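A short worksheet on the structure shown next.
Chain lettering (A, B, C, D, E and F) follows the sequence in which the chains are written, and residue indices restart at 1 in each chain.
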Amino acid sequence: MPYVNVKITREGATPEQKAQVIAGVTDVLVKVLGKSPATTFVVLDEVALEDWGIGGVPVEEYRRHA
Amino acid sequence: MPYVNVKITREGATPEQKAQVIAGVTDVLVKVLGKSPATTFVVLDEVALEDWGIGGVPVEEYRRHA
Amino acid sequence: MPYVNVKITREGATPEQKAQVIAGVTDVLVKVLGKSPATTFVVLDEVALEDWGIGGVPVEEYRRHA
Amino acid sequence: MPYVNVKITREGATPEQKAQVIAGVTDVLVKVLGKSPATTFVVLDEVALEDWGIGGVPVEEYRRHA
Amino acid sequence: MPYVNVKITREGATPEQKAQVIAGVTDVLVKVLGKSPATTFVVLDEVALEDWGIGGVPVEEYRRHA
Amino acid sequence: MPYVNVKITREGATPEQKAQVIAGVTDVLVKVLGKSPATTFVVLDEVALEDWGIGGVPVEEYRRHA
């Protein structure tokens, strides 16, 4: 009965890629923990770059210095 | 002092329905647990269909097979 | 297909009260939004008083001044 | 290795303010707990007013009565 | 720079299984979206059975009727 | 009306440090965004090391190789 929330930066993930993430994450829970796919939720959140901080700065600034 | 997060698929919930969800959920916490409404937050998230997976596939595909 | 997370301070909620919260919140989503109970998850988190802040201080200190 | 999620009502926070929140919150974790900024994520969510409830009603109605 | 939160019912997952979930979920994000493992967090939450509701009842009651 | 969730690895944060995190994070939201402390929640979660993954492995293994 798992619930999975995946947060990624919004950078053009396609519906096909999202479907692959949903399938892949569900598959991990089925294979490792024996969970049922029918009661496994996977919810994706795309987060704008200005809303994601790392290293004390927004992602875009972080990448310019990385 | 409860915090409640309600995630639903984005399928046209109206502001009136959202207000009813906020009222109803708050009421449950007041009646069952004696919580104060003044310090009860209810935050709603509407999630695009392509971002919600169940059964290892996005919701729309899941419904076609259900 | 809703997912609901309810966070409350840990202050002795009984299994019966938790079951009532689960039932009540699910009922709100069924009645207001027509959701199916079978695909409605309600996950409760009890949070220690020292881990919940309001007004810039932990809950217990907040209550002493309220 | 902290992960921080900050939810605020959507009321015109600028990218500069968001960057200040990211910097300030990260700084608190570095100074108080000795965390490394490089592995500190801060994710901001702006929530529409109709999606945030307090006192059993949406924020805008709450403010009219406050 | 993904952040993944996996909530499962507390039913005896071992540290080895948890490590496999972490590895598997990270691998999906690397392969499907090209994310870097070094900035991918996976946080697991085990939830007591009495704190997880489905079908309007706690999990254990749900299973007795399923 | 902010809600902040701070997840950190469980490594002996004291109640005093937690109170400082609550105070510091609240202060950032007050100063940068003009939020009211009275309606600012800060909820801390301490996560066991085996439940936090980075780089595709649990934190402890990650640190041995870092």
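Just so we're on the same page, contacts are C-beta pairs under 8 Å (C-beta built on N, C-alpha and C of every residue); 3 or more make two chains touch, one makes a residue touch a chain.
The shown structure was predicted, so the numbers you read here are calculated from the model rather than taken from an experiment.
Enquirer: Using C-alpha centroids, which chain lies at the maximum separation from subunit D?
Expert: Ranked by distance of C-alpha centres from subunit D, the top chain is E.
Enquirer: Sort out for me whether A-E or D-E is joined by the greater number of C-beta contact pairs.
Expert: Between D-E and A-E, the larger count of C-beta pairs in contact belongs to A-E.
Enquirer: With over half of the numbers shared counting as same, classify the subunit B/subunit D interface as same or different.
Expert: different
Enquirer: Give the rotation angle, in degrees and rounded to the nearest 5, that superposes the C-alpha atoms of subunit C onto those of its identical copy subunit E.
Expert: C-alpha superposition angle, subunit C on subunit E: 120 degrees.
Enquirer: With centres defined as the mean C-alpha position, give me the subunit C-subunit F separation in Å.
Expert: 20
Enquirer: Which integer distance in Å separates the CA centroid of subunit B from that of subunit F?
Expert: Roughly 25 Å, centre to centre.
Enquirer: Touching two or more other chains, which residues of subunit F qualify?
Expert: Residues 1, 3, 7, 25, 27, 41, 43, 52, 54.
Enquirer: According to the definition already given, which pairs of chains are in contact?
Expert: The complete list of chain pairs in contact reads A-B, A-C, A-D, A-E, B-C, B-D, B-F, C-E, C-F, D-E, D-F, E-F.
Enquirer: Provide the residue numbers of subunit E that touch subunit D in the complex, in ascending order.
Expert: 1, 3, 41, 43
Enquirer: In their shared complex, at which residues does subunit E touch subunit A?
Expert: Subunit E residues touching subunit A: 1-9, 13, 17, 20-21, 24-25, 27-29, 31-33, 35, 39, 52, 54, 59.
Enquirer: List the residues on subunit F that touch subunit E in their complex, please.
Expert: For subunit F paired with subunit E, touching residues are 7, 47, 50-58, 61.
Enquirer: Show me the residue ranges of subunit C that touch subunit E in the complex, using the header's touch definition.
Expert: My answer: residues 15, 18-19, 21-23, 25-27, 30, 37-38, 40-46.
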